[in-house]
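Each of the next two complexes has subunit A plus one other chain: subunit B in the first, subunit C in the second.
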Partner chain A sequence: MLHGDLDGLEDLVVAEYQTHEHDVLVIGAGGAGLRAAIAAAAEGVSVGVVSKSLLGKAHTVMAEGGMAAAMANVDDRDDWRVHFADTMRGGQYLNSWRMAELHAREAPDAVRDLEAWGALFDRTPDGRILQRNFGGHKYPRLAHVGDRTGLEMIRTLQDKGTHSGIHFHMECTVLALLKDGERVAGAFGYDRERGRFRLLRARAVVLATGGIGRAYEITSNSWEYTGDGHALAYQAGAALQDMEFVQFHPTGMVWPPSVRGILVTEGVRGEGGTLVNSEGRRFMFDDIPENYRAHTAASPEEGWRYTQGDKNARRPPELLTRDHVARCIVREVREGRGSPHGGVYLDIAWIREKLPNAAEHIRKKLPSMYHQFKQLADIDITKEAMEVGPTTHYIMGGIRVDGDSQMSTVPGLFAAGECAAGLHGANRLGGNSLSDLVVFGKRAGEYAARFAREHGAATVDTDSVDAAARQALEPFERNGSGEGPYQVQHTLQEMMQELVGIVRREEEIVRALSCIGELRARAERVAVPGNREYNPGWHTALDLPNLLTVSEAIARSALERRESRGGHFRDDYPEKDPAYGSFNLILRKGPDGEMSITRESIPEMPPELKQIIEENK
Partner chain B sequence: MSTTEEAVATTAVGGPETVRTGERAAEKLEQAVPAPGRRATFRIWRGDATGGKLQDYTTEVSEGMVVLDAVHQIQAEQANDLAVRWNCKAGKCGSCSAEVNGKPKLMCMTRLTDLNLDEPVTVEPMRTFPPLRDLVTDVSWNFRVKQRIKPFRPRAPDAPDGSWRMAQADVDRVQEFRKCIECFLCQDVCHVLRDHAKYDEFIGPRFLVQVAALEMHPLDTEDRIDELKEAFGVGYCNITKCCGNVCPENITITDNAIIPLKERVVDRHYDPLRKLVQLMRGRKP
Partner chain C sequence: MAKATIRILRYNPEGDAAAPAHQDFAIDVEPTDRVLDALNHIKWYVDGTLTFRRSCAHGICGSDAMRINGVNRLACKVLMRDVGSRVTVEPLMGFRVIKDLVVDMDAFFAQYRSVLPYLINDSRPPERERLQSPEDRERFDDTTKCILCAACTTSCPSYWANEEFVGPAAIVNAHRFIFDSRDSAPGERLEILNNREGVWRCRTIFNCSEACPREIKVTKAIGEVKRAILYRQST
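Showing the complex of A and B:
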């Protein structure tokens, strides 16, 4: 049909595309996307999954520490209420309390689903799923597999998905969402292999595209994380929320330069690793926030006992929330107490003082970290301290969704995982991401399937398809006469790192916004050589508009929030302001095409949830 | 090394001495790196399914660089359309497999300090899979093979909440197989595929490891022994151990996965007495 509609345009290359039709189209094949696809397929609808990379390579694979779920296998005092309270406290109460509640209630079953599909978690002595300590979690709560939990999750979901009748579009990137009036009608993209366009018609679309780390210079994220889902949703008219909250993971590698930003799992600290400055001081003991004081160890000895499972001990300050630990590291470095390469020391080798078989214990508990440092930095972490510093890791903000259904403000358009907002508020706790993926991936898949069943096929507007195709091919037409895409990307990354990074100021953010405007003009003129077949220069050029959209969203929100809270720290407003604790910042594309920002009040929390928070203060 | 060990042995908990060992590690690194401004030549295969050739690119190399860094630098500065797959750049996703100086490697984990930079460094795509463009090959065959392996089928749960009980000791050996990052370097080096192109008769080391992970999974009740013998061609493997040698995860592919699978096939198909006993007990071998 569609090809017939375009008969008159055969002289235009843009008319050439393959058409696929699915009831539910999932964009993204990490933990959330695969879980959504499996859930939708289980509802009996036809499902297509678009994967920007090969299947099983998504960023979920990098998750190390584990997935948080109050199963109480290790400490029977844990239950969903404590997990809920921990998540809200970590998020500085800007979270969607409904999502935090659902997440805490449903995470244990989500872990058990994975086990039923073949995942093999580490075990307790009595044969149950072992759980480990992590920052901001009151009790040992993270189900894990050594320090490669993400790989276990992705492989389990990949293998389950492979046998669920799902159609996979591997190495395919979406350029635009298509709409039928208000409602979503599918997506338009291209395959990397041949550069051919694909029209993907769908009754419902789930975005599960992950994060935005590539907007920054120092990041733990791979090339894929260019904010595609955020930008696609925004361009399609959906609202974004909490975009000022970017998580800078406190411990990334800092040396040698080529590995800068690669993640060092929080699990190192969970196993007893300490943060030490160049003067040999455990500086985390010097700055413990008031709302965490009652939960934090009074001495190194008590902290050590906590990491070894002593239920009467409180956690060491290294396991405070990521935003706080990252800022303490920045402070040490700024005040001249950093390591030679601009980080601080993370020391796990010291536990040989406590454990007779420490080296073996470290290699067993942290095998990936051991190999990563051995191979990339010539450091044996069982003998030497690591040098670490903050790295862009995660965005708490994202597409605004309904807590129960995960539907965005555009009918039929759903979002789950990192690209959705709400669960984590101003700061995400470690371990809450993997559980987020499967809890809300499942919900998004189920509700998308329901939406697809309840709504007929949508009509695709072929004009918008042609426009998207024509725009995508423009960089080739400028070959030889324009700047390369990598220069623009690198300039943006350096600029965001410097001006909208961990510590922010009004004049810097204002400068960033004007830079983004200039970079947008440059991005519109980039040229790429070669042809459409597997051409990374072209792909980078096509990712630029998304990176610019999310960068602008981060900067605009960061400017508007004149306080410091969670992942957002304003040097010019260093204190938390209670007046800013009652609303989320919402971004929409205005009628004039400009980004508009509004404040939306957080709905009143039901008394029973309020009571849970009081009881866990 | 011995001085480092001594130094650590005398440190106080989290004290300054431990820190100094970290500084020493940094110094150690600085000594091992190429001088600033050093340039090296990379001889990279450029082409597509119809053919191609090696092309030299000279670029500046710096401290700690890996082959993938050099390829990225060349891509950004000299050849924007140079095709390469990569994701995590930390040896965890298994995307950047290639042949560096003829050896199957992850480019992200191959340090330039381990290569002789006085000669050009050759970087070619995996030879066992059809070339798509430059360093990118068509690995889709692997995904089709995966689809042919019968999925996990657990026994009934052990507890009312739907969970199971397993001892860590029983989980350990399967966890080794599940470390696989699907880089397909073992498939690339396996002569049954590389030299004899038995794509239709043999699933290759990666998928024998996956079958082993399923067969040895404490909860699994499925039976894949007949396929192993016939469709999966486990008999083609003659245990040259090339696969294990290139595995970035150091999985003991032949000894721990393939040989036990071969034994199961032998037990099932070539030992009538044992087969009879198993049939009478109604148990999976």
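Showing the complex of A and C:
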């Protein structure tokens, strides 16, 4: 007997589900999803958006620093070419050069779209959008609103979206993509409030589900980040790429334990914050990679001048790329020079030596950080240093897409934002994510609308829908006889943190893969008490297969890449190997249902782009 | 570790739905744990059916507003050491409860949408961005901090008495456009807020300002809207 009893049986027996039909269905309502929906609606097609949480709560809301766009408002030497070269260098040249080019060219207009829709931005004295410095960007490039840029972006897109005629399915989870032959035909899911199934027919689908941070124990990501889009696409036959590249943001909170992993914005370092070990040494000056030496300050004094807008100064080593800074912090901690709670010190209070009104300046420039530390750690950052350490922040890898259209390898299935791969290569620059969301969200929406117009309605195979529904209800049938879903999730998170975290080695990854196999068996037996109405245990049980799929994808790719590059560091292969610089690792579901991995060469870069990179070396 | 008792007002809509009732959970907590951590602990290790909303868990998405010891707070921003060893947690007042601490936000969002919360300006934007001086931008900075958590609206006695009242959160979100130098329709919004369920239902009780986890001066913003309406009528 099913626990959801009559509701459940009725659904299954008559195979009738609440059905909606949209030309374009967007899954995810963060920056990329909302931007895609707005773009598709502007093309005149009908659009539905599904979001796991309430509208406006998506992870984008947490972005602090800003969105990178070569608007040249603060430094007129900037243009898209420099942004392109910075992005490629940061990504260690594994990026899709086409996406990096489009992103750099189109980001300024994408910012202006938001501004035209009412987004608030900090301004230059003459009223233009202000831009700030960030790691890996040669010039001040991040359009921002204090340290709440993501909140402003999501609110602007939400407001624009709600009067663009878009249909929102709030608090609705997608369980499977539906196909008609090769092409996508819609999605099947359930609303979280009532637990009723929903059949969402569509001619084109855009995945914009964000990242995978909840596969790890220490993460800056919100609960929604369970790799849903990655897993849905993979199960539907689409290819994933670059899944070994997970970004560990160098500065998360490390204490108190309850807030471990919460982000400390890179903006702290952009405003002059320094990283210091227990011996009081600015250790970032001790390890500057060769390809960044020419761009990095030679002394603390030069670094300070850079943060204060001196165009002739070079950036301090604290603003090197995130992968490098994170590894330097791990090294300091491992070698016994860490802070009491296993991090290092991030000090912004020191600028009182330089500025007469330092405390007020810090509170004004970094208000959220000031409150975050005051409230949660009882630390006044205008007086004391913070303790910070790496936290799982972002996945560069994701669904393999065409650079121009954002279509995956499944016809009619598009992806944008964090769940898509390509733009960031082996490492993402801070600020390139918010611009990614709006540049490629817009493109995905436009191309999805075009696909929907050019293709007729797809047919949904009702047997596969019924099968998905039955499978989703299984955890209720096992009530009383299996373990709960939270234990499986926690074991997975601890295991991924330990074995496929920031420093990796072969035997640990192999062990992780065998753990994932065992956890998959446990996940298939989890039991959930209660019924279908807003049942958090059930929701978690249904997240588990996605978390396991992305964890396996990360581990398999990490095993295959026997070198260290960007976000992927192998203790047993600590050097970069040029032989690994010419291809992406691609994952697909094989005919036997197993995950297969192949290498696909990166296409030759056109000479004009090569030249841009040369000129910006 | 210290002992704490978390008393939660629970409601299960299913079957023969009983009236909401308090349930006590005795758990071990660190003083630096947040109320959200205590709720997670109960959900993960004691009672997996306990239901509440949360997303970002650091005070910026506005999902976990609830009544903590009778005051509207975000569970992710309140430390256990600041609320004592006996904590009562209840859903926001004034909204229909869906389950446990989860409330129906539809009416709240409808009121928010009713004030036209988007920039209205039909003139063609310039090729680059519209210019806005730092002073003009500062004018409405405070009200753009809103995270739509509903802590203000559900702390407002005028709203409790009359659910048709548009409520402080909607006025805050109208404020940011009314005072935005780029917007060309402040009059339209002022008219909406001048109707009988608009700003005049506000009795300047200041509960909203106290409840706001973003420290927005809500009552002040409402006062500015009231004055803008009066000024407009007198000119």
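Everything below uses one rule, namely that the second predicted complex is superposed on the first by the 602 of 617 C-alpha atoms of A that agree within 3 Å, B and C clash if a C-alpha of one lies under 4 Å from a C-alpha of the other, contacts with A are read in each partner's own complex, and residues count from 1 in each chain.
By our rule, a residue touches a chain if its C-beta (ideal position, glycine included) is under 8 Å from a C-beta of that chain, and two chains touch if they have at least 3 such contacts.
Computed from a prediction, not measured in an experiment: that's the story for all the values here.
When both complexes are superposed on subunit A, subunit B and subunit C clash. When the two structures are aligned on the shared chain, A:D461 is found in touch with neither subunit B nor subunit C.
In the superposed model, A:K160 makes contact with both subunit B and subunit C. In the superposition on chain A, A:E498 makes contact with neither subunit B nor subunit C.
Contacts of A:K383 after superposition: subunit B is touched, whereas subunit C is not reached. Contact comparison for subunit A: of subunit B and subunit C, B touches the greater number of residues.
Touch criterion met: A:S53 reaches subunit B and subunit C at once.
With both structures placed on the common chain, the touch criterion links A:A349 to subunit B but leaves subunit C unconnected.
Common to the subunit B-facing and subunit C-facing surfaces of subunit A are residues 53-59, 61-62, 112, 115-118, 120, 122-123, 125-129, 145, 148, 151-152, 155, 159-160, 162-163, 193, 222-224, 256-259, 262-263, 368, 371-372, 375-377, 484-486, 490, 528-531, 533-537. Within the complex, the subunit A residues that touch subunit B are 53-59, 61-62, 109, 112, 115-118, 120, 122-123, 125-130, 145-146, 148, 151-152, 155, 159-160, 162-163, 168, 170, 193, 222-224, 255-259, 262-263, 274, 276, 278-280, 282, 300, 339-341, 345, 347, 349-350, 352-354, 368, 371-372, 375-379, 383-387, 484-487, 490, 528-531, 533-538, 540. Interface residues of subunit C facing subunit A in the complex, by the touch rule stated above, are 12-15, 30, 32-34, 37, 43-45, 48-51, 53-63, 77, 79, 98-99, 102, 105, 109, 113, 117-119, 125, 128-134, 137, 140-141, 144-145, 147-148, 176-177, 180, 182-183. The residues of subunit B lying in touch with subunit A in their complex are 4-5, 8-9, 11-19, 21-26, 28-29, 32-33, 48, 62-66, 69, 75-77, 80-95, 109, 111, 132-134, 136, 138-140, 143, 146-147, 151-152, 154, 157, 161-168, 171, 174-175, 178-182, 214, 217, 219-220. Subunit A meets subunit C in the complex at residues 53-59, 61-62, 71, 111-112, 115-118, 120-123, 125-129, 145, 148, 150-152, 155, 159-160, 162-163, 193, 222-224, 256-259, 262-263, 368, 371-372, 375-377, 484-486, 490, 528-531, 533-537.
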